[in-house]
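Labels for the chains are A, B, C and D, by order of writing; each one numbers its residues from 1.
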Amino acid sequence: MSVRVQDAAFDAGAELNAFSTGDGVGAIVSFTGIVRDTDGTLAAMEIEHYPGMTERAIQAIVDDAMTRWALQDALVIHRFGRLNAGAPIMMVATKSAHRADAFAAADFLMDYLKSRAPFWKKETTADGSTWVAAKDADEDALNRW
Amino acid sequence: MNVMYFAWVRERIGVPFEDVQTTAATVSELVEELSAREDRYAAAFADVSALRVALDQELADFDAPLAGVREVAFFPPMTGG
Amino acid sequence: MSVRVQDAAFDAGAELNAFSTGDGVGAIVSFTGIVRDTDGTLAAMEIEHYPGMTERAIQAIVDDAMTRWALQDALVIHRFGRLNAGAPIMMVATKSAHRADAFAAADFLMDYLKSRAPFWKKETTADGSTWVAAKDADEDALNRW
Amino acid sequence: MNVMYFAWVRERIGVPFEDVQTTAATVSELVEELSAREDRYAAAFADVSALRVALDQELADFDAPLAGVREVAFFPPMTGG
């Protein structure tokens, strides 16, 4: 499995293709998160993280997913730093012999990365900068697993 | 003990990390101690229900003991993904 | 939305990147199905389909997904004809402002494509050719929705 | 009426499609009629619970009426994806 925390941009399609190989692989699920400009006013998004803890937290979440489902591999890429609207923030991919495992594991990884990996988003518009607030729904989503 | 602050906690306190000499037995005691020091700490820690804490890079509770801990980090709920 | 039924190979990564654009997009989920060679004996897989009905059935499933979830777009590509082990058979992608919609819709599309789109798989090994049997689990999966 | 066969149904019956003149009122009556014709049909239709039917490219039941239908297709459960 592969966990990458980086400020550099990445190519989600190239990552998907590189990940999609291997004996016995039947099902690959990917998630890509994009900097969303809800009402066309976003100048930039800044992502802060906690170097060291970030990698540990993501690795622990991936390890958990690998024990819960029959996965052949998992990939997590998460950017930090300044990103523009429309840029990929992060990507998760899972592969398995069967689609149900690949889907559930990718969904689980996203829920946990969202609320348990130490990243914080700050949005800048013409009106200034604000830290994105965590949503109750994101915390509630963890209870599904 | 290295104490770190992230996101708006960092902005309110004004530094990303600092060395803190303390005899606090728990996270809550450390929060009280810091809040008593200066207004910027009191402002940052005004509502600890809006905060998370990590001890040596693992999420912990505010009543967790600090014995043996080298790094404490305070931050708002995560918003990654 | 885009539905393609084709014998030509496709590049899942390039498709994902082409699909991942657009205002207000925050979450993209993709599924890729690969010809799986369970025990290293598969010589080839042949996929038969019902031209005309295939496109109609997939379109109806996509339409259903678009009414159930807040999607900005959906993509379905499914190959027919002779495929080698390791080749992508099909791909589904969904995009939405929010990850929950993108995940649920992609999962739903896969469940319905599996059991309601008129494709049949035939596997050829050194021992001969056999039609892949439908699994009860695949039919049962439809009851989730 | 155009009658189509797919996958192993096609292989057992030996043709992918054929024009069938019938007065059958339902799919089940058509199945009976074809099964009575030749062994290859009887073999293909031996267990209709293992078969699916589409009328004018829409999935249907075996008791569905054939009035106005131009294309009937018989096939095993789908295995796409």
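Criterion: a residue touches a chain if its C-beta (ideal position, glycine included) is under 8 Å from a C-beta of that chain, and two chains touch if they have at least 3 such contacts.
Predicted model, so just to flag it, every value in this text is computed and none were measured.
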Statement: In whole angstrom, the CA-centroid distance of subunit A from subunit C equals 23
- line: Per the C-alpha centroid definition, the whole-Å distance linking subunit B and subunit D comes out as 71
- prompt: How many angstrom between the C-alpha centroids of subunit D and subunit A?
  reply: 48
Query: Which residues of subunit D are in contact with two or more other chains?
result: 81
Query: Among the residues of subunit C, which ones contact at least 2 other chains?
result: 33, 99, 110, 114
- prompt: Among line, ring, star, complete and other, which one matches the pattern of chain touches?
  reply: line
Message: What's the complete list of touching chain pairs for this entry?
response: A-B, A-C, C-D
Field: Touching residues (chain side subunit B, partner subunit A) in the complex
entry: 4, 6-8, 10, 54, 57-59, 73, 75-81
Message: Using the touch definition from the top, list the residues of subunit A that touch subunit C in their complex.
response: 11-17, 20-21, 23-34, 36-38, 40, 86, 88, 97, 99-100, 102-103, 106-107, 110, 114, 141
Message: Going by the contact rule set out above, which residues of subunit A touch subunit B in the complex?
response: 33, 47-50, 52-53, 56-57, 78, 89-90, 110, 113-122, 131-134, 139
